[in-house]
Amino acid sequence: MAEGPLQVRGEVLATRRVGAYRHLTLVAPGIAARTRPGHFVALAVGGPDTALTLRRAFSIYQVSTQGVFGGTVELIFAVQGAGTAWLAAAASRTPVDVVGPLGKPFALPRDRVSATLVGGGYGSAPLFGLARSLRSRGCRVDVVLGAASADRLFGALEAKRVATTVEVTTDDGSAGTRGWVTDVLPAVMERAGTEVVYACGPMGMLRSISEVAAAAGVPAQCAVEESMACGIGVCMTCVLPVVGEDGLTRMVRSCVEGPVFLGDRVRWDALGTVPADAVGAPPMSDPDE
Amino acid sequence: MAEGPLQVRGEVLATRRVGAYRHLTLVAPGIAARTRPGHFVALAVGGPDTALTLRRAFSIYQVSTQGVFGGTVELIFAVQGAGTAWLAAAASRTPVDVVGPLGKPFALPRDRVSATLVGGGYGSAPLFGLARSLRSRGCRVDVVLGAASADRLFGALEAKRVATTVEVTTDDGSAGTRGWVTDVLPAVMERAGTEVVYACGPMGMLRSISEVAAAAGVPAQCAVEESMACGIGVCMTCVLPVVGEDGLTRMVRSCVEGPVFLGDRVRWDALGTVPADAVGAPPMSDPDE
Amino acid sequence: MSDPDDITVRTVQPPRPPQRARCDLTTHLGAIELPNPVLTASGCAAAGRELDRFFDVAELGAVVTKSIMLKARSGRPTPRMAETASGMLNSIGLQGPGIDAFLEHDLPYLRERGARAVVSIAGGSVAEYTELARRLRGAAGVSAIEVNISCPNVSNRGLVFARDPAAAAAVVTAVRRQSAPSVPVFAKLSPDVTDIVSIAHSCVAAGADGLSMINTLLGMALDLDTMRPVLAGVTGGLSGPAIKPVAVRCIWAVHAALPDVPIIGMGGVRSGLDALELVLAGASAVSVGTAIFGDPGAPLRIRHELETALVDRGFARFSDAVGYGHREQT
Amino acid sequence: MSDPDDITVRTVQPPRPPQRARCDLTTHLGAIELPNPVLTASGCAAAGRELDRFFDVAELGAVVTKSIMLKARSGRPTPRMAETASGMLNSIGLQGPGIDAFLEHDLPYLRERGARAVVSIAGGSVAEYTELARRLRGAAGVSAIEVNISCPNVSNRGLVFARDPAAAAAVVTAVRRQSAPSVPVFAKLSPDVTDIVSIAHSCVAAGADGLSMINTLLGMALDLDTMRPVLAGVTGGLSGPAIKPVAVRCIWAVHAALPDVPIIGMGGVRSGLDALELVLAGASAVSVGTAIFGDPGAPLRIRHELETALVDRGFARFSDAVGYGHREQT
């Protein structure tokens, strides 16, 4: 399999609504073949005269290497600001520059283990490809999906097709159990005999999942979402405090060393700070760039 | 007739190619009813996230007050830079904020006179509505159209329908007489017994036309084109030196006091300068804004 | 285990009733009170007449008029502008009819229309500013004076007043002394300085009742066909959304240093949210400049959008939002 | 009278043969020669490794590495960036591994790849810059040194070196003295000063072989939901197309004053035409920064576009275009 990211001039094939989200299919030749579950793409948004200067990062939901289009990449996204609004409105055939696949994907187990996949909101998007990979390796897969409300759940039906069991929670109780994924996760893990947790969703959720996994003594692979300017490792905006093999905390780039981290390596309590014990902290002075 | 400009949220109805130009029809309710020949509109370009900050000015080619669309405005434009490229690519239904009608239109004669209309490139666009108005007042209309090449002539066939005679020149001889409009204008004027000249086109052409008209002792109403930031008279970017009734030269705004000026009032030789005898010139110091 | 098919929406909360709340937009700029904090920026609205064709200029907090000089002035040759990414350069050269014509035609027009006028003045020497202030003293309808000190000082090798604390102070002292005590004097600062806070201090120490910021940044563009400067004046002032981050930083720094000094903020405001950003940084009023060129209705639209934004955030009074970004975090 | 129906096109000129001409892109930065004038901007390309996945970094004139400090440094907390109209704010805080790790891993990598390295250094005191230069002296593969003086001087109340002519000069003198004569030293200037030309003079008098400009403008953004500064570091550096007019103005002014001093220009370059604009203003090389974030292939694309733009304008040598905008008009 070819390695490393490509930059390709893609185009919008189709966009459709899925609850509160959009399901975007991009023609992006070459990227599909290199993609593994957990990879993301970074898109240029806004068109030729745009005032939007930075890329937007999106987890890859699924890819297709075949077909008349020379490879497609599918994303699930929420409209947040100007960039996602532009994407949502982009007509079929709109050119979109795509960089990907980016980041370190989920690590797959060598053995047939019982894996529990937890997704929050659109964070479930990268879990379906992962579930299929795990199943093809003979792993048991259970899925827990959570969201603020029913329209922000993504893929509950699809989950049912790939998973042994599926559990759904919503904050407002508009679908599934009212509450958080971590309210139901311990029971699911017990039932499934979980040996590894995979998670993608908001930072607060990932933190709680890491705690649940740690309590159960199983590793949690968490795909984080930090604000990114470049997505390719050159700008240093996307850092978070992570404990290395040597036990030292460093501010590491989530775009190249992540987005998937082991939950017990991330200093969740220290997000948005530089822990005093981090390598090179605290700055003695505050230079401008 | 209602007076003054409106600001309306219009939309693209259709765009088609006409030689080197585009013929754009905008739905822009209310503007048509206020428009007289020589008026222009100023369009916001680039869409919601655009880096383009200023309006683009275009002469009104023709308007329609009727129809299902509540009034349309038609323009003929050349793709020059980012703004016109965006307009040319804008799909039907693209929203476009339209301000207009703007400027002082051509003054129409009270009597049945012989009028000669001279257009350079897309500068012919505002002359057809003018020709119809003149004809309906019983004026004789002769038209001279010039351009660099055949594909940059606009409306030669339409001119034939409204004018007694039509003369065409191109710089490269690819259509009509090889040469400039002023090469043929004196003969046309003599033949037509011209009593007033109306002109729209590049500044150099307007200057030459003014000289020909002055030599023949007839007034020339020239629609000028100066770089404009606002189009509504508030920014002072679109000025040119014009001699007032009092004989004094002032830097006047072509967007509100023009774009139509009498040819013998414009200091053509001093365009791009502030003549030393202009009111308030020369600045003793050069303050930044 | 819950059924994943069970994802039909159960309506959990009733849709919220439409917001009807309003916000008191009144603002104070030194001795004067304005009904709302949205103004036009000097040089971007002439003296209000042209905009009045698009909306009632009396609906704005005030119209800040184009900087006026003592004598009529032709300004610079064209080209006078260049569009830049999310901004523009201008080099108008303060074209204007001079103070006499301004007092005869422009000020009375605004007064008749019921609009408030903040009169911007510009000069090449302290004496010229002094004379301008003296002439304004008698005039009816001057709500405040904004002193455009981004002008070269003819008696100091053309060094722009706003870049020299002493020269800036000298102008402010003179204008303040000449003006009616009821008319606040705002000094308009340039961002093109090493330390805007020290210039702000100088102006306030010299008697400025408030500060306006920011004027344009000095910029330039080359024409890639002629391979020469686009502007006849070579350099020009950069304005528009591109400079908003600089405006926010300047307002933030000056408000932090001088929290009691009212600030008229400007620089790249194109929406009510942009205006709110300047307000949270410390502006007591916001001027809309370049945005007008793209949208003649911008000032009034921004007033409405700002009110909505304030209501949405639970502000009953505009004044509570001024400098709110500086609050200690709880 | 000609027949108006006669508007069928008569082919008048044969289509021009496709342009095959090339332009010699070689440029000189003091003692060194680079094969072409397109570089990466410090802090926007790390040490080249990540970009090398998208194109061969040896195809660039040089890679300007992220400013390196003496010790490893964690940088500032997040959020570290905010997008702005045609630009962005960053507040990274010079995160980096320190000079030892840089010399061990980064510099050898570029050397192996056959790429030229311009090493950017940053410090909090003259002593720190001195030590950095000393460490670089022995290192193989340093084509030039760019001294990032937009750092607070810890021994002068944090006043940024680049805003103080004497402090800037002190740093430059120290670095120049420590460095091999064959390695040119470029001082990188900040636009946030009252008079950039005087800072340029100081640096050149202190021995700078060339000048880089511009670093980012100090800016700031507020989050309209939290109503607090977006950046954890409160203020940040503004970069991107928004600031290009300021970059052009600074380069123009410094080149006019110091025509023989080579300038590495940067600020908002996103296309070959943008690069050409900086070159015409006086830059002998152009660094691409923020544009990389939007387009990882930007530096190489810009090199190609610049060559095309030069050929189109009849330049046989890049060096003929440097400062061409300043020529006397005929």
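The chains carry the letters A, B, C and D, assigned in the order they are written, with residues numbered from 1 in each.
Quick note on the criterion: a contact is a pair of C-beta atoms (placed from the backbone, for glycine too) under 8 Å apart; a residue touches a chain by one contact, two chains touch by 3 or more.
Since we're looking at a predicted model, the values are computed, not measured.
At the far end from subunit A, in terms of centres built from Cα atoms, lies B. Chain pairs B-C and B-D differ in how many C-beta pairs they share in contact, with the greater number at B-C.
Inter-chain spacing, taken between the CA centroids of subunit A and subunit D, is 34 Å. Look at where the CA atoms of subunit A average out and do the same for subunit C: the two points lie 44 Å apart.
Residue numbers of subunit C whose C-beta contacts span two or more other chains: 85-87, 218, 235, 240-241. Taken residue by residue, subunit A touches two or more other chains at 51-52, whereas all remaining positions touch fewer.
Contact topology of the protein chains: fully connected, every pair of chains touching. Of all the residues in subunit C, the ones that touch subunit B in their complex are 43-46, 50-51, 53-54, 66-67, 71-81, 83, 85-88, 90-96, 98, 122, 124, 148, 150-152, 154, 158, 160, 190, 215-216, 218, 232-233, 235-237, 240-241, 290, 292-297.
Of all the residues in subunit C, the ones that touch subunit D in their complex are 82, 84-87, 89, 163, 192-195, 217-222, 224, 227-229, 234-235, 238, 240-246, 248-249, 252, 268, 273, 276-277, 280-281, 309, 313, 324-325, 329.
Listed in rising order, the residues of subunit A touching subunit D in the complex are 4-5, 7, 44, 51-55, 97, 99, 226-227, 229-230, 232-240, 250-251, 256, 271-274, 278-289. Residue ranges of subunit A in contact with subunit B, taken from their complex: 46-52, 82-83, 85-86, 91. Subunit A contributes residues 51, 145, 149-151, 153, 156-157, 159-160, 165-169, 172-177 to its touches with subunit C in the complex.
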